[in-house]
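Mind looking over this structure? Questions follow.
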Amino acid sequence: MNEDTRRKLAAVTTATLTTCLLKRGLRSAWMQNVHPVAPGLPTMVGPAFTLRYIPAREDLDRLEAYADPEHPQRKAIETCPPGHVLVIDARKDARAAAAGDLLITRLMVRGVAGIVTDGGFRDTPAIARLGFPAYHQRPSAPTGPILHHAADLQLPIGCGDVAVYPGDVVVGDGEGVVVLPAHLADELAAEAFEMTAYEDFVAAKLQEGRSLPGLYPASNASRAEFALWRSEQGR
Amino acid sequence: MNEDTRRKLAAVTTATLTTCLLKRGLRSAWMQNVHPVAPGLPTMVGPAFTLRYIPAREDLDRLEAYADPEHPQRKAIETCPPGHVLVIDARKDARAAAAGDLLITRLMVRGVAGIVTDGGFRDTPAIARLGFPAYHQRPSAPTGPILHHAADLQLPIGCGDVAVYPGDVVVGDGEGVVVLPAHLADELAAEAFEMTAYEDFVAAKLQEGRSLPGLYPASNASRAEFALWRSEQGR
Amino acid sequence: MNEDTRRKLAAVTTATLTTCLLKRGLRSAWMQNVHPVAPGLPTMVGPAFTLRYIPAREDLDRLEAYADPEHPQRKAIETCPPGHVLVIDARKDARAAAAGDLLITRLMVRGVAGIVTDGGFRDTPAIARLGFPAYHQRPSAPTGPILHHAADLQLPIGCGDVAVYPGDVVVGDGEGVVVLPAHLADELAAEAFEMTAYEDFVAAKLQEGRSLPGLYPASNASRAEFALWRSEQGR
Amino acid sequence: MNEDTRRKLAAVTTATLTTCLLKRGLRSAWMQNVHPVAPGLPTMVGPAFTLRYIPAREDLDRLEAYADPEHPQRKAIETCPPGHVLVIDARKDARAAAAGDLLITRLMVRGVAGIVTDGGFRDTPAIARLGFPAYHQRPSAPTGPILHHAADLQLPIGCGDVAVYPGDVVVGDGEGVVVLPAHLADELAAEAFEMTAYEDFVAAKLQEGRSLPGLYPASNASRAEFALWRSEQGR
Amino acid sequence: MNEDTRRKLAAVTTATLTTCLLKRGLRSAWMQNVHPVAPGLPTMVGPAFTLRYIPAREDLDRLEAYADPEHPQRKAIETCPPGHVLVIDARKDARAAAAGDLLITRLMVRGVAGIVTDGGFRDTPAIARLGFPAYHQRPSAPTGPILHHAADLQLPIGCGDVAVYPGDVVVGDGEGVVVLPAHLADELAAEAFEMTAYEDFVAAKLQEGRSLPGLYPASNASRAEFALWRSEQGR
Amino acid sequence: MNEDTRRKLAAVTTATLTTCLLKRGLRSAWMQNVHPVAPGLPTMVGPAFTLRYIPAREDLDRLEAYADPEHPQRKAIETCPPGHVLVIDARKDARAAAAGDLLITRLMVRGVAGIVTDGGFRDTPAIARLGFPAYHQRPSAPTGPILHHAADLQLPIGCGDVAVYPGDVVVGDGEGVVVLPAHLADELAAEAFEMTAYEDFVAAKLQEGRSLPGLYPASNASRAEFALWRSEQGR
């Protein structure tokens, strides 16, 4: 993906991006009940690489299945491209793990940008220590085959009630994860970047005691004042 | 599928089949929160033909999309083979419709055996009048594209927390729907058919005032008594 | 409200109306988890008269409070205009009753068109015998003050996750309830009425063995065929 | 239990009983999400006989366990006294069956008054044909040991978020189930019976076009009018 | 509000206050599923200023609406009196934001005591940095008009299943939020303050190895011992 | 319990133990929605001592009841043996507290190993400061008798959808709580301890850039390499 877009997306919030999406009629792009495993990491940005789970069946989903190098979960870990985000459709079911610390360590070492699921991860204290962007519903220690069967890679999926198409741009911050349609990523990044500068200006003015009307949403007067502030700030 | 298997499955309940499945270690084959639209229909039996939904995206999922003959939902309606059951993975979300009466009418006319989803159908009073086996979570009038995007056909899916592989044998009765792994269908049908005969014998004896111990579960004595009863009944 | 609109709305389904609403960008007009108490009644149509509940507080919400003629629930029952639909915001909580058979009998005798809540009614077997349109989440016998405090009348409310403004047109059928913004009611009624005629034509053709493509959604050819069918049917 | 109490309770609704309970400060006596399997049966009345389930463990809960005559579920079926109601604490989990038609047939033949659980029953079409009062959350075909372990009999339990002590009086009607503390059953029955007569009077007057104020809740004038009506009715 | 009451409430926990409320028959005053955005802040105390949301409607709830100075959300931010707590009824729906960091910054600068909703806030990492008491269900980045319509100010509302009347005293600590009826605030504060002193005494004695009986709940002996301890501590 | 088992269990994770349990066919041993009150404490290990709650009834469950030394909750606090874990079945209901900081302080001083419930604790900031292992669903300030009645001790219970028999070995870490059948504790501890050593080896190799295939799951080659690594590490 475009490096300027990546840089700008890394500097904005998922909240701001949802506002830009709503302007385009897109209302359902933020994953519900998907949270960061660890707080305080830099913003995660990257194109989606998708992995789909279906419910497990006891005769098919045994621990032995992981030895197969074609097992889609293991294949995802080894083939998700560097800079991409692995997104796992776990059907919002966190009663057993979607992945654990060893697989996530491997993703990190391979240069992947992050991992997201609407299920749960296991070994979350270890994942938190990795400092790698990981988003899930809640910790879930039970081993995956109790509940999940890894079905396939790189199909459109749902995750946290959001449609995710391979190549969509996934952004994660301290609140959660938003999915940008691939063809809109550049313009959304640009717009959100500008909006963020304005909102930083508003925050500064509010701290000085200014009231909201005329300032937020912007008025012609406030836009002029912002232009001045921005050039003073060298932004 | 084997006609003897079809006939036997049509004569047993989904409850009895779950007992036969548990004997083989299969605990998760009955769909949770999937109910018949109309009561009192004959038991539904047929191999699964699968259709998968993901969450809708406002720019892709518009009413106009249905005009495309390659739209997977429309294609499913026209290509699901006679005698099969169309199973739709709606991610357990019934806030908009998975299908409506016109599509289901077409399925019925084409000789399809039934339709199942873990979402909801619209036009359910009309569907009930069709007398066609249809199973869902609850009535849901809102038009599908508000929530669902039909993604693809004949992949393994989840439905009501059950794994459904194309060709698995789907059985539906007045309580709901069970999914039989294809390779086990014949033996499960035979075993459930025998079990049903025994349970009919038990029910008759209980109505005569017999107590459970020694009768249910079966003892050697009760099995002998059953053999006699069965031959008397000509079953 | 316009009698022609009332007549047309009484002849269409809530499902068809959701399609007409989506064409106008309105996606959230059908109440989730709101069901008819009794099946098989004529379609309910009428402007909304709203009643709002908040959680009860034990010192304020006692059975004695009902003796006050200004109690908003009792006032709603006596002042909801004939032909209107009383819509009660019970915050989707059905653990105690939103209303019971005596109050609903009074509404019926007064000529009110129906009653709707996202909570539950008590005395539902008696309500079902009244033959009066009543929609709720599930039967709930516990007396209302255990949970609900009637706060006020004729404010905008939420009901089943739908915004309801006083005067909006409420339509209920065998599947549930849809809310039409007042200013759109006439055009939605006209459009849905036409759509229903076309869908009846499609249903007839499907029963004759026709396939969906070219028929549903409509094509130029099918529209011509429909025009002929319609005039033959005298509709 | 007192036969006069039994007769009166059989003539009132669970809704009316919740009002009498609230007057005594009891707010949580009606089971949430517990519904009749079949509509239209006479009111169920009887003292509670309790059976408690805990979650199953795969090594302990096998089909073979049912052969043990000391298995608490089987023991409950054979020892619940005639006229009592068997109440099963299934922890509100209906993903597998709490009981099925054969066991319930045996209960019926033994003269038990009814069966209640906050889980689900299997073989519900057959149970509905028995005409025996049975209350549960929803149909659940999977065999019980998948989820439930029968732990013990005649301890205080929870069912549908209600405390049930052995000997409490359980009443079930077309809406659901209420639990009366044993020591209050007689006075609650008497009070509800009187209230029902008054409410029948109110219903008759409402049908004649009377308004609610002064009638419901009762005023001195309406009480006098009721006394007259009642003697005219011979009640 | 009374400064002594404010001071005492700031020194007790919401847990202790629920005990004092239960003594008065009030069982439902603590908000369910409402959590502090940031841990470790001083206890929040202030009278409630209420703001009510209903579900959004796509044609009414657009980003442009915020430019209207009469928009109830914006008006709430500018008019909630210093020392008060803004309480937002978001119908327990956290799928889009009830408010964000800029509005909350303005509240803080204006001297408001805190903000509470049963929905979710956006920009929660920024809110956490403000050090301002904010309570919600969970982070929710999507912009508010996707889901919420701000309807009105200063009406009685529900929040987290609790009735909130304007002027009720709202107290928030590290566990959550309790609502005190205005007329009981002084006596509840006094009682909870005394109870807290006793519980601190109990905690000290437990750390010394004392057992609970005779100490908690208090006995005559322990009350005498407490009096001595308290005077020694100069409390 | 065996000290070697205790030591080994203190050195493994609940995640690893679920894998060992699945090998034995045990799929439901990890408590769902049960979380540590405070992060970063040592792993909790000890045999289960059980306490069972049922729903409260307003006339029985009053604050005065705690003065009875036979009250099962208070008795649990004083009699749970040192080194054991007190497990409270709160029926997954966290709307009022299962226990608070004073009782938990007493448990800690008495040498108990930890406390677990599927409900909620009150005074959680104080509990967090104790540094004592406590696991629950979420903070819940309301006083217990609003919702819970302590029924009895040392019966088999359910907690977080897991069967807990007195004497089962309870292990809690930063993710949650797993329950080991008493007779399997020693072998599970030994197996999980070995597995942990291998997984530490894998983690080290992954950090060096090794890929998963041939390493995880183990191959003959990787097992040989591990043996060498382990002896080098002196483990």
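Letters A, B, C, D, E and F mark the chains as written, and numbering starts fresh at 1 in each.
Here, contacts are C-beta pairs under 8 Å (C-beta built on N, C-alpha and C of every residue); 3 or more make two chains touch, one makes a residue touch a chain.
No experiment lies behind these values; they were computed from the predicted model shown.
Peer 1: Stepping chain to touching chain, what's the minimum from subunit D to subunit E?
Peer 2: So the least number of steps between the two chains is 2.
Peer 1: Is it true that over half of the residue numbers where subunit E touches subunit F are used by both copies, so same, or is it different?
Peer 2: Answer different: the two copies use largely distinct residue numbers here.
Peer 1: Need the CA-centroid distance for the pair subunit B / subunit E, whole Å please.
Peer 2: Each chain's C-alpha centroid was found; their separation is 49 Å.
Peer 1: On a C-alpha centroid basis, what's the spacing between subunit A and subunit F, in Å?
Peer 2: Measuring from centre to centre gives 31 Å for this pair.
Peer 1: Rounded to the nearest whole Å, what is the centre-to-centre distance of subunit A and subunit C, using the mean of the C-alpha atoms as each centre?
Peer 2: Chain centroid spacing, subunit A to subunit C, equals 39 Å.
Peer 1: Of all residues in subunit B, which are in touch with two or more distinct other chains?
Peer 2: 25, 27
Peer 1: Each pair of chains that touch: what are they?
Peer 2: Every touching chain pair, ordered by label, is A-B, A-E, A-F, B-C, B-D, C-D, C-E, D-F, E-F.
Peer 1: In their complex, what parts of subunit D are in touch with subunit C?
Peer 2: So the residues of subunit D in touch with subunit C come to 13-15, 17-19, 22-23, 27, 29-30, 32-33, 35, 39, 173-176, 178, 199, 202-203, 206-207, 209, 211-213, 216-217.
Peer 1: Taking the complex as given, what residues does subunit F use to touch subunit D?
Peer 2: Going through subunit F, the ones touching subunit D are 24-29, 54-60, 91-93, 149, 151-152, 155-158, 161-164, 181.
Peer 1: Report the residues of subunit E in contact with subunit A in the complex, numbered from low to high.
Peer 2: 63, 66-67, 69, 74, 77-78, 95, 97, 100-103, 105-106, 109, 122-126, 138-143, 145-146
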